[in-house]
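For reference, the structures are reproduced in the following blocks.
In what follows, subunit A forms one complex with subunit B and a second complex with subunit C.
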Partner chain A sequence: MTDLDPATRDALAELLLAVADDEFVIGFWDSEWTGIAPMLEEDVATSSIAQDEIGHARALYELLAEVTDDDADRIAYGREPDAYRHAALLNHRRGDWAFSVARRYLYETADAVRLAALAGSSHEPLAQLAAKMRREETYHRLHADAWLRRLADGPPDVRERLAQALRQLWADAQQLFTPLAGEAALVAAGILPEPMSTMHAAWTARVRPVVEPIAGPLPDAGPSAEGRSTRTDDFLWLHGEFTMVAGGAEAALW
Partner chain B sequence: MSTNERIWEVFRQEDEGDPMVHAGNVNAPDEELAMHYAREFYGRRGESHRLWIVARDAVTELDDPDLLKPPFDRSHKKPGGYIIKHKLEAAKQRAASEAGE
Partner chain C sequence: MVGPVVRDSRERRIWDELARISDPEIPAISLVDLGVIGSVAVDDDRARIEILPTFVGCPAVEVMRSEVSDRISALGVADRVEVEITFQPPWTSERISALGRERLRQSGFAPPQVGPTIPDEAAGLDELSILPVAECPYCGSRNTTLENPFGPTLCRAIYHCADCRQPFEQMKRV
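Up next, the complex of A and B:
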């Protein structure tokens, strides 16, 4: 990546890490449903989607490793918990099915806005990867959307669980659009075709009319500066889980 | 979720123009999730060009032996019911001798 000046390169690395960590962590949370999803067919579907997300994370980590001259596995598994940059939405443990559906809906709709923008990135490898990811993510979004409507139309207690989860996650979901430190350089270079604030506005306009009839009026929340840097005990636990094998056999060849 | 599940029969086509072949079935509460599950079970490895997903209760079944296995001799309805081997040989010989003239 010799054609990028150091500041822009660092900003690109920050962007790639944020998106990769989002995909990586939601993939691991959703894989916690394997074996115990509401029905066999859904078990296979959820596990497969979780695997897809980790596959996307892998591709993004590889892209990042090229930019920073690092190793994708090292980035994925070799960091301390506070070095992860996923959004606060992904700090929560799996929860019940309604909670997972609520989170996937909020995540997939935001991811769709983000990928649509990144597909137009001036950084060609990122644009190509985003276009490829979109083909799978479209299906993920339809799946999350189907479940959201299904639970919303379900019995009152099911609908209430979903509503509660949406209210609980609303503020943290905004953090998917937390501004990046090097954002101005990325936008200027066309690497990030639109600022996070523009994407956030597009996402909110799309999601509020769907979510509020279920959850009731939601506060005027927005991204905060620490949206990608706060960590929770839930995430510390998950980090222990997903680094267990890599940590136990360091430098092993698979 | 198990109270209102339905069974959906899934047919798959490997390539454009191939016949649709019965692949198996999935349980799903509605058509939308049936499509997602069919895709996961019979298409996620890139093995299918097209899927048909049909509610099992939309299938008209016929399994009456009186209609499918009639009691009378039906050998004349099968290609094997006609022995044409000798006729074919005679025709070949005739054609060969006509060509030789």
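Up next, the complex of A and C:
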């Protein structure tokens, strides 16, 4: 990556870290359902989705490690909690099934918009990985979409749990499109083919007509500058879980 | 599947050896028939082999990498053997050879549907292409239903055959 000037390289690193941390953290939250999902089929499905997401995170951390001359495992497991850059949507523990479905629907629809853009990135390794991820994520999106509709058509208490989760998560979901500090440089270089604001508008136009009939009118909301830097006790707990083995056996080879 | 480009006898020997290495999860199919060998190139003292993971998070990739490295090193056609993992081109289920599809079937796996070609390689799968019935590997019936698009490994889905009343797995279309 010697052909990038330092400012653009830093901005690329910021982008890769944001996307990687999103995939990593949602993967670990999903893995919390392994063994206790509402039915066996969903045990298998959430575990498989979690494995996909963490696999995507690994591939993204490897791209990042090449850009910053670092090590993917260190980036994944060797940071303090406040150095993670996942969006606020992923700061919440898994909650009940309706909560997880609501979050996954909001996440997958946003991820689809983001990957469609990144597949056109001028940073070739990122474009290639995004194109590959996109084909796999189609399955995740269909899964989330099917469950959203299933719960929405369920008994009133089920529908209400889903509606409440959508209302609770709406503002934090916007933070998936938090502008990056180096975004202008990325857009200029074609590394990020569209600004976050354009992706955000496309996502909002797509999800509002689906979620508002369930959740009721949702407020106008947008990303904030702190959308990827706030941390919660829920995340601190998760961080303790996913760093436990790596922290207990430093420099171990797997 | 388009046949590999083979430029000399050393590359031929490497391809032949790769065709004898089994997929770690479905041993009946070779890495070549699975379509995960992206390229083979030999120059001077170096052999370079590219592996295309079926899924980005496939945990079998490291097993494939070390197996390929050991077996090709043992061939003695090059002093150095480099095995790279790449997503260019992305592995798609269209890369499975005709023999590979037959081997999957014999092992009790429905091969992925061969659907309409995807016009834009960068595009996601169209939704209809995922859901159609799969052909039962046991009795050949198409009277089957998708039970779960997620199965015991990242690359498999679970179906049920209404005729022979068997659950079966399909290698997913991606």
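Simple rule for what comes next: the second predicted complex is superposed on the first by the 254 of 254 C-alpha atoms of A that agree within 3 Å, B and C clash if a C-alpha of one lies under 4 Å from a C-alpha of the other, contacts with A are read in each partner's own complex, and residues count from 1 in each chain.
Everything that follows uses one rule, which is that a residue touches a chain if its C-beta (ideal position, glycine included) is under 8 Å from a C-beta of that chain, and two chains touch if they have at least 3 such contacts.
Keep in mind that this is a model prediction, so the values were computed, not measured.
Student: Put the two structures on top of each other at subunit A: do subunit B and subunit C fit, or clash?
Tutor: Here the two partners, once superposed via subunit A, clash with each other.
Student: I'd like to know which partner A:Ala119 touches here: subunit B for first, subunit C for second, both or neither.
Tutor: Touch status of A:Ala119: second partner only.
Student: Mind working out whether A:Val44 is in touch with subunit B, subunit C, both or neither, as first, second, both or neither?
Tutor: A:Val44 contacts both subunit B and subunit C.
Student: Using the superposition described at the top, determine whether subunit B or subunit C touches more residues of subunit A.
Tutor: C
Student: Does subunit B (first) or subunit C (second) touch A:Ala205, or do both, or does neither?
Tutor: Touch status of A:Ala205: no partner.
Student: Contact-wise, after the overlay, does A:Ile54 reach subunit B, subunit C, both or neither (first, second, both, neither)?
Tutor: second
Student: Give one of first, second, both or neither to describe whether A:Ala181 is in contact with subunit B, with subunit C, with both, or with none.
Tutor: A:Ala181: touches no partner chain.
Student: With both complexes superposed on chain A, which partner does A:Ile36 reach: first (subunit B), second (subunit C), both or neither?
Tutor: neither
Student: Looking at the overlay, what does A:Ala131 touch: subunit B (first), subunit C (second), both, or neither?
Tutor: In the superposed model, A:Ala131 contacts subunit C only, not subunit B.
Student: With the two structures laid over each other on chain A, which partner does A:His143 touch: subunit B (first), subunit C (second), both, or neither?
Tutor: both
Student: Subunit C: which of 8-16, 44-52, 116-124 or 152-160 bumps into subunit B?
Tutor: None of the options clash except 152-160.
Student: What residues on subunit A does subunit C touch that subunit B touches too?
Tutor: Common to the two interfaces on subunit A: residues 41, 44-45, 48, 139, 142-143.
Student: Can you tell me which positions in subunit A touch subunit B when the two form their complex?
Tutor: Per the touch definition, subunit A meets subunit B at residues 38-42, 44-45, 48, 139, 142-143, 146, 150.
Student: Help me check something: in the complex, which residues belonging to subunit C touch subunit A?
Tutor: Those residues of subunit C that touch subunit A are 55-59, 86-88, 90-92, 121-125, 127, 130, 147-154, 158, 172, 174.
Student: Considering only the defined contacts, which subunit B positions touch subunit A in the complex?
Tutor: Residues 1-2, 5, 26-30, 32-33, 36-37, 39-41, 44.
Student: Quick check on the complex: what are the subunit A residues that touch subunit C?
Tutor: Spelled out, the residues of subunit A in touch with subunit C are 41, 44-45, 47-49, 51-56, 58-59, 112, 115-116, 119-120, 124, 127-129, 131-139, 142-143.
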